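Which chain is which? They are A, B and C, in the order written, and residues in each are numbered from 1.
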Amino acid sequence: MTSKMIMRGMIGFYILLFFGYLFGPLAVMGITAFNTPNYPQAYPFEAFTLDWFVKLWNHRSMMDGLKNSIIIGIGVVAISVPVGLAASIIMSQIYHRARGLYYLVTISPLLTPGVIIGISTVIFWKDVMSVTDLTKGLFYKGIILTILGQASFVSAYCLLIFMARLTRFDRAQEEAALDLGASYPQVFWHILLPYLKPAVVSAVVIGFLSSFENYNTTTFAILADKTLVTVLAGEVRQGTTPALSALAVIIIGISLLGAIGYEIAKRREQTRADRAYRQAQIAERDEVEAIA
Amino acid sequence: MSAGVELDRVTVRFGEFTAVDNATLDIKGGEFFSFLGPSGCGKTTILRTVSGFLEPTHGHVRIGGQDMSGIGPNKRPTALIFQNLALFPLMSVAENITYGLRVRGVDKASRRKKADELLDLIALPGQGDKLVSELSGGQKQRVAIARALAVQPKVLLLDEPLSALDLKLRQHMRSELRSIQQKVGITFIYITHDQGEALTMSDRIAVMSDGVIQQIGDGKAVYDAPTTAFVASFVGENNPFPGIVAQADDNYATVDTAFGRLRGRNPRGAKAGDKAILFVRPESARLGQGETDTTFASTVKNVAFEGNMTHVYLEGIGKKDVTVSVGRRSSMTIPAPHEATPICYDAELGIVLPEGMLARE
Amino acid sequence: MSSRAFVFIIPVIVIAIFWVMAVREAKRRPDPTRKGFFERNGVVLGSVFIALVAFWTLFLVALPYLYMVVESFHPALPPMKRGGPDDVVTIAQYSSFVVNPTIGAVNWLHMSALLFSIIASIAVTALNFAICYPLAYYMAQAGTPQKIRLLMLGLIVPYWVNEILRAFSLRLLLASRGLINQALMGLDITDAPIDFLGNNTGLYVGLSYAYLLVMMFPLYNAIESLDKNQIEAARDLGAPWWRIHRDVVIPYAKPGIASGCTMVFMLSVGSLAAPQFLGGPRTLWFTAVIYDFFFQSFNWPRGAAYAFIMLIVCIALVMAMLRLFKVSLGEAIK
């Protein structure tokens, strides 16, 4: 009895430590965002201020970087989600002897250090785009290279997300639709895509976030342009300012809102499913009674 | 409108494995036709070949006299009820039912009308807006049938559609299916491993084993006049007595079995010296003395009373088991366990068939 | 340009080989369930799928990698001279990793940078495994569904803050004016601030912190599918807790452990932010060397060569480890 309680206490303490490690630094940083000193300082807390948020808002290059990050994020999602979807479908249909190589190629961007993805993207596309001066002028830009570089590994994330959901797909539904006269493209639009919709949502969210916060690939591919993260890196390299803490507070705030929204959506879905289940139970009972 | 289905020497191979071997049969338009056989014998494979998901390795499928080679499942006048129903979980009941019309470009209003019509047919009026997950097992079953009927197929294919339901409901759905079939008048091809289902519903039955069609006939023929050892042992209960044919003529044959020399009908024309099996159904046998070539000795092992019937389990010579079923009306007195008793039967109720594989219990 | 053009031919050859094999096999052994790709997806949709995947696997993955490798076998030249007579195939970039070409001596600086990156990454991997295993085990075996959802959320939310800001937050804690030094001095444990960043504590903590989640999820997924009864059975047989882990849980979760360790290791060696912002001034991480070739000396081929060396060494190490622990690569990267 007591040994069990000690055990439980220890587990509790461990979880506390773990999440302390996870959240502690962020919490300290959060406090510094509201403290007046120029050096980000959590203790002593001198006076409450929101100045750092104003400074952040007025930080030109950070706002430019933010704009680029959003453009890049959208571009990456626009490429990677369809690519990941197509890749997952081909994965299930590809010639079986080629599947191993195909899997290796599609998954390799996840195992390749981001630095290498960035370098290879720049080296390759610089030469490809330099074929004519026109294409070089049009396309050899940091934003475009970054989209291409990031899309290479974000597509792999998307592929995994779609594959995970596809493995639970009941192939009989596809056949049922065919049997009722649907063409193969109709099966895709009416049956498969609606089934994959939750995975599409996940892929969009995860794809955008991993693009948004990517540093390793971006820092090479971005050339003379900048994203929020590369600007941040420059700032951190130069020194420290509580404006960075303010940015972190905003990001954490948005994340928490997102998490809460997700939780609410999940609960709602659960209640709906529970209600359907109860109705089915009632129908089942009525049916048995009707026969008896 | 209905159409007949013809299988012309159809063979389906998966790599080296032959799932359906040289199947030839002719299903008439409007018929309720069943394939009966143990699981893994190739029933689903036949159905999927008819519906177009599989191309036969050899042979042809013809529907309404038209060769179906190269015609995809979405172009055939068949509709399939899947073993797991395969309803679309993200669509409402009405959307499910009218999906086949939607892909044919039928407008929304007509679809709605058709859905209401079919919901009436399957006794689910006004439930079109429900989700599939809100339905009971039997209701889902009926929605699947309505969905298939909505496209006005000439042939409806059903792959063990009742296997997921509980016993009571299954028996109820049998009569419902049969009445739907009579109402719509199209050809039903029904697959099952449950002989009760096949016997009660079908006009004709094909009994299958290991990819081979063993016998085709109506329920009575399959039960009373099996043509192979497999059919005799698979359809209904049967006592097999393997042995060598001692003498034979066109009507009767006697077989030297472990129980002695026994006589039965000889429909397959067995000749003296052939290996054969004599089958006697439990309800055809009686406890008591008869003629010498239809009587043998045994000892009672135990007795099971089952309401309308009493099953007597006996042990013959060489510890071979024999079952005799005694009807309620019978005046036979049932001996106690360990008592010895002779067993006899009428020679025309015994049947001598060439030796072959028996159904696994 | 010919050696570079060669890169474009490789994928064509590979695809052609598989194509021929597939066609021959389809002829020899027809499969009744098999439908052609365009038959199954429609011509339009099928073409779109193939185009998308071809663009990705060829132009975003295979060709850039191959091209980088080819580039690393060329000298660094100004744009004008590329493709000219000086643009020969050479292994100079690779030999420069061993012998420094400017001073002609053994290139200890870069070799030890690689060695240090690898050893530190192994240490970080081990550290993260030790930190994550107990919680993963607890979540997978003892947690109620609600508790697990909450814990998961708690794990994921901090990772929506990007790497740079997380490094920054650690710096606020570990700097000489940081909270930890304030606390230590306030409690009179030390009188002078400890240089956590200079002595690389910051680097290790930063790397571990950055990839905690990457270790957590594979571990959790692997342990989660272990049947609870197996552990109960072992416990009933009187096995002490450490033996249960050694003999039951860890062997079962081996693929997940391998996968978590592989990913943490690869990410850690390849990381750029933590060494940049948390490493000591005398610490040279190998990615920083590569970074400098690109942004200071503009020697792309040498940067590419170093990147390739890093990749090969890491992969070789991972494969060796997997073989040592008898896990197949397929299991580890699932």
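Odds and ends about this structure:
Everything that follows uses one rule, which is that a residue touches a chain if its C-beta (ideal position, glycine included) is under 8 Å from a C-beta of that chain, and two chains touch if they have at least 3 such contacts.
Predicted, not measured: the structure shown is a model, and the values here were computed from it.
If touching chains are joined by edges, the resulting network of the protein chains shown connects every chain directly with every other. With centres computed from CA atoms alone, A is the chain lying nearest the middle of all the protein shown. Centre-to-centre separation between chain B and chain C, using Cα means, comes to 59 Å. Centre-to-centre, using mean CA coordinates, chain A is 18 Å away from chain C. Centre-to-centre, using mean CA coordinates, chain A is 54 Å away from chain B.
Looking at chain C, residues 39 sit in touch with two or more other chains.
Across the assembly, chain A contributes 183 as residues in contact with two or more other chains. Counting partner chains per residue, chain B shows two or more touched chains at residues 53, 72.
Considering their complex, residues 29-33, 39 of chain C touch chain B. For chain B in complex with chain C, the residues that touch the partner chain are 12-15, 49, 53-57, 72.
Listed in rising order, the residues of chain A touching chain B in the complex are 170, 172-173, 175-183, 186, 190-191, 194-195, 273, 276-277, 279-280, 283-284, 286-288, 291-292. Against chain A, in their complex, chain C makes its touches with residues 4, 14, 18, 21-22, 25, 37, 39-42, 44-45, 48-50, 52-53, 55-57, 59-65, 67-68, 71, 131, 134-135, 138, 142, 149, 151, 153-158, 160-173, 175, 177, 179, 182, 209, 212, 262-263, 266-267, 269-273, 276-277, 287, 290-291, 294, 300, 303-304, 307-308, 310-311, 314-315, 333.
Within the complex formed with chain C, the residues of chain A that make contact are 11, 14-15, 18-19, 21-26, 28-29, 32, 39-43, 79, 82-83, 86-87, 89-90, 93, 95, 97-98, 101-102, 105-117, 119-125, 127, 148-149, 151-152, 155, 183-185, 188, 209, 212-213, 215-216, 219-220, 229, 232-233, 236-237, 240, 244-245, 247-248, 251-252, 254-256, 258-259, 263.
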